[in-house]
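Multiple structures are listed underneath, in structure tokens.
The two complexes that follow have chain A in common; it is paired with chain B in the first and with chain C in the second.
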Partner chain A sequence: MIGFGRKLLLGAALLGMAGGFAPRQAQAAPPDILIGAVYPLSGNAAPIGHDAQQALETEAAIINGHHDVPMLLGKGGGLPGLGGAHVKLIFADSQNNPQIAQSEAQRLITQDHVVAIIGSYTSATAVTISQICNRYRVPYISAENSAPSLSKQGLTWFFRPSPTDNDFTKAMFDFYAAIGKKTGRPVHSVAIIHENSVFGTDSARIQTAMAKAAGIKVLTDISYQASTPSLSVEAERLRAANADVVMPSSYTSDAILMVHAMHDAGYTPKAIMAQDAGFIDPAFIKAVGPLAEGVMSRSSFSIDAVKTRPAIPAVDALFKAHDNGKELNDLTAREVTALQVLADALNRAKSTKNTALRAALRTTDIPGAETIMPWVGIKFDKTGQNIEGNPVILQYQHGQWRTVFPFAVATAPAIWNVGK
Partner chain B sequence: MTASLVAQVAIGGLLMGLVYALVAAGLSLIFGLMDVVNFAHGELLMLAMYAVFEIHAAFGLDPLLQLPLVAALLFGIGVAIYRLLIARALGVRFNTGMVQIFVTFGLSIFLVGAAQLAFGSDFRSIDNGVLSGRTVHLGQIVLPLPQVAAGLVCLLAFAALMAISRTEFGQALEATREDRDAVALIGIDRDRIFSLGWGIGAATVGIAGVMLANFYYISPTVGSNFALIAYVTVALGGFGSLAGALVAGLLIGLVEALTALFIDPSLKQVGVFAIYVAVLMFRPRGLFGRL
Partner chain C sequence: MATSPRPNAITRRRTRELVVGAALLVVLALLPLPIAGTYLRGLMVLTLLYAGLAQGWNILGGYCGQISLGHALYFGIGAYTSTLLYTRLGIPPTLGLFAGAALGALAALAVGWPCFRLSGHYYAIATLVVGLMVLLLVQNWGFVNAAMGITIPFRTESWVQLQFRVAVLPFYYVMLGYAAIAWIVAWVVEGSRWGYIWRAVKDDVAAARSLAVRVFPSKMAAAAISGAIVGAGGALYAQYVGFIDPDSVLGLSLSVLIALPAVVGGVGTLWGPLLGAAVLIPVQQLSVAWLGSSGNGVDLMIYGALIMGLALARPQGLVSLFGVRSQAGGEVVDDA
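And now, the complex of A and B:
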């Protein structure tokens, strides 16, 4: 071990010397702008954290490099408003634990002096990160946390370009109404199953309320502890309820278990409408294979909306190069967009001062066509919530995700087995 | 709620319980033998599952056929862990208890990190094994074949462990357990017994890992889902008792499933830990434990 350690040290020293001898640029470039990113890089949600890291690095490469992507700041060459300064990401591992997320965020702010923090996948970690950001008066850009309660904490340094589970759930019920009308086979009942942290609990609460408003019966509402060793009893309860649509809010490992458990119980739900998260994770598709066929999920991204969002192929290709050929998905696309929003605000603020940056974020007004998202645009309300983000419904058909709702932007008709 | 649903859930719980029991058996064996709690036990399970996955991916060998292979591999890993780490930790002159805890705890963190580095953090699963996705129908009760097979193999493994404990080696194990200094006087090589104990303990969890890989996802942190339950199982059944591990595993599987069915799925661990607390209060040595 000692020998290995010495070699490492020697290697590091050599590298340092090489750097020292490298020719210096004639004119000092503006200093890099440091941006913190807190994600689960180890533990159960590590695949998501890893993808997030690659997505953010992809967008940083677009901003700093010369890839000429047809979207806002896609020309590259750094931020013109700050003399061509480059953005530089500093990642911290939350281990998907709210306490660790908090201390890591604090470390990024106090030691690395980042100008803003982007995070964090799970809403439970976003609660602690956003609060610490607020205390230190540093903007927190919530890339893909979807719990609506995050915007209701009274935080003034919180900004979320993505729709929340409120909007997402509304899209699901809009879809039920529309497809019911179209096919004559409406949804009469749903079964809700959710993990019991902030994300799942919030999501289930909204789903229950919206089902009631739509006159749809909730046959069962199952709450379970995330990362449980078995979901077979839960699957049995779903089978017993036999609702028209099963509505899960789950992270990846549980999503895999659940789909396997339902299959093992000999139960094929007529429809599954997932609250994104685990069900949209490429690791889920890889792990359950053909059992993913027909799964529907709300999403804020549609990879096939190339006609109206010309930047998608270029960003997707760059992301693939960063992340072992993985395709952009709902999560990674929102991470790309989060950094784009932050970079745009920095560019317009022409300063890295926190108050100037917040003022710029508050006046954000990006048209949808300048992003890769199918949204109308990005404009924040007083709580820092984007009011122009509209979700879509995707369905996994013949090995790929297709947009099936709203019908106006759909790229394939929904496969609808309810009422058959 | 129909009778067949209750039966289905109960049988499912018992099958899962057999897996819990086998995972716990290896832990119990090592603890009973030398009073060392192996905090890396769940990670041994994870290593076994990755071994199955990688061998399956490379050679297309069905998980079931890999049983002897992976058990032997894990046996070797167990012996290596004893020789390289535990034997040294036992030789420390001060704070021995702490050193033992930190050694296995550190090993667990190391193995999770190493697995993430080597295999990546993605979730894997084997979906084209002989058993994958098949179900057995008993009237209205539907049971997944991989879990039925896992239960059977776990029972066989228990039978093998019981048989081993009756052999001369088993008696040497037992004697070493009772008085590790006295056995040296009658010519038993304590070090050899300990390393074989670690080998068998790891091989046991290896067998559980092979059967789990048939129906469970594989990830660097998969071990922790089972490790906590294994500790409870060992404490419940009595430290060092094989029969105790078996009964406790079955009990935990059953209680977990029935709590989820009759009370609430999010409370299933509450049922398990309620029993645990009760045992600690009224019978601290566990159901089958000897003092």
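And now, the complex of A and C:
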């Protein structure tokens, strides 16, 4: 038994070494720059991990190839600052498990010698990956983790171009204030409904606090078990509350169920302001059809902002080619941008040394127009949080998502029924 | 129980086990030294952790025959106890782990009190349901940060606080100590009066009772020891990973993972849990590493196929390859 265990480990060691050295012997010069990416590639979040993989590969193809996309590093041909070196992604499966995410990140760092890690969709896995990156002094680029606590861990190798849930919720209340002023029909009350895991709980907590600060009444706060078989009781409670705005934080199946349940209860909310997630999933639109009309959601991406972000159509077309014709969405657009930010830092650092790369990341200053995001730009504060990543409010109008806020980047006026 | 071997034969076997155990401990203590890779050392840390956990499960599920599908509960309680003591009160996890073990034992007693009245599959289902109930409660319990989990920040390199920046070796020895203690506990109880009572209870409850065995207290004792070992393991896991949330330390899949090495290695045997962990954990982690990036789930399929194959080829567990028979063969028949 001892012999067996030992053989297994020795075999594992040899194979592990083979795996670690293989990519190194490729190109003569310059060598590929290896970047790790940890996502849930199996389990219930696997579809999102799969899309992330395609989004990152799309951006890698833009950087390495010759697609001539009108944005930063969109010209292609590798990274000029590193002699035209190509970026190469190495993916690892977190199985959406914090422990596996940690050991996979550790493997990418110690065996594959990646220069940085991008991840990771869920916040639980982001915690362990960012911690391990910090210990090994390797930058972690958080593409779409939105839990505010992540940038408050005191980590010095953590960078997040994306807005946080705080920013997202603030955008909703900023919108209420602005539209109230504009139309003279302000929001007086909201009804919060959320699924009871991290995402929903945290979202509802921030919404409640911000409503209080804005002097808006929270008429009801309903928590339900995700993937519940029925939401009819909850729909009745929403109808009874009849708030100015219903604010759901839900995943896809619950979002579909909720909209149908409200319809069955004969209740048409004056406004729905969703915390992204299920409500922005194309599957939701497909399932509820015309009931989605007028639904609003926060987003960090607006696909219709082509006037101010000319790179969007080209990136979207390339992504479609990578991912079976899927349109870029809020998550995949942020993943594209995460790799763009990292590649820009590598390019300016002219080195793959960790300290040089971190110094370059810290001095990142990318104007929004050089990306596909509707943000003012990308500039990190001391905690590694982007301070120029303002979210937008989208509304589903006549069969498509339109940007309605901030008014400066809006592509359509909001349809606003509150107070009517 | 059939005719037992003569007492001196038993003593000789037990002495031999102890010698093999000591030799193995020395080998395992030296094993990581030539293996420099951090990842592989990390793999060995996890293997030892699960060897200890499965050893703990085996005391209740193996020797005593009370199949539990809710051991993540004791693991989670251990993890949360030591983590809360550390992050809120600054009590080092080297002490917190004893608190975690104590609460793990208490929780196992609390589950056992009503559930040991159930027999066979009903007991297994009851443990499953209790585990899921606690998972839901913790997911919504604000005091322990609900579903958001608790991060253990890295403060300083310290043995007392079980914090090591990048070195994996210290944790290897911590987990080796844990697995060794779990093994020694199993060795001691196996040869003790309790061990014989458990096996009698597992074989035939009615017969055991007719020999004046007090069945209920014996099950409670097994539950407490089992819960304590798994609770301590939870505390060590929390410190090793640096983050706990309800899904990862109280989930159903963890309950299965705790039981699986013992089941695959050999239920109710001294070496089964260790052997099972030595095979399953590396296969699981390495298949993720090698095949996980494809995103098509091949790693999980291979892992599942391996377990099915082992169950079909070696229903008595991997230890049967080495000619070790389960200490109490036969079906799990019980009654409270």
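Just a few scattered comments:
Methods note: the second predicted complex is superposed on the first by the 343 of 420 C-alpha atoms of A that agree within 3 Å, B and C clash if a C-alpha of one lies under 4 Å from a C-alpha of the other, contacts with A are read in each partner's own complex, and residues count from 1 in each chain.
Convention: contacts are C-beta pairs under 8 Å (C-beta built on N, C-alpha and C of every residue); 3 or more make two chains touch, one makes a residue touch a chain.
All values reported here derive from a predicted model rather than from experimental measurement.
Of the two partner chains, both chain B and chain C are touched by A:42. Of the two partner chains placed around the shared chain by superposition, chain C is the only one that A:131 touches, whereas chain B remains out of contact. In the superposed model, A:393 lies in contact with neither chain B nor chain C. Shared-chain residue A:277: touches no atom of chain B or chain C. Contacts of A:357 after superposition on the shared chain: neither chain B nor chain C is touched.
Contacts of A:311 after superposition on the shared chain: neither chain B nor chain C is touched. Look at A:414: by the touch rule set out above, it reaches neither chain B nor chain C. Look at A:236: by the touch rule set out above, it reaches chain B but stays clear of chain C.
More chain A residues lie in contact with C than with the other chain of the pair chain B and chain C. In the overlay built on the shared chain, the residue A:196 is in contact with chain B and with chain C.
Comparing the two complexes, residues 42, 46, 49-50, 196, 223, 225 of chain A contact chain B in one case and chain C in the other. Within the complex formed with chain C, the chain A residues making contact are 1-2, 4-6, 8-9, 12-13, 15-17, 19, 41-42, 46, 49-50, 53, 90-93, 95, 97-100, 102-104, 106-107, 110-111, 123-124, 127-128, 131, 134-136, 147, 149, 153-154, 196-198, 201-202, 223, 225. Chain B makes touch with chain A in their complex at residues 1-2, 5, 8-9, 12-13, 16, 112-113, 116, 120-125, 127, 133, 135, 137, 142-144, 146-147, 215-217, 219-221, 224-226, 229, 256-257, 260-261, 264-266, 268-269. The touching residues of chain A, counted against chain B in their complex, run 42-44, 46-47, 49-50, 196, 222-225, 227-230, 232-234, 236-237, 240, 252-253, 256-257, 260, 263-266, 283-284, 286-289.
Chain contact summary for the complex, chain C toward chain A: residues 24, 27, 31, 35, 37-40, 42-44, 46, 136, 139-140, 146-149, 151, 153-154, 165-166, 237, 241-245, 247-248, 271, 275, 278-279, 282, 285-286, 288-290, 292-295, 297, 299-300, 322.
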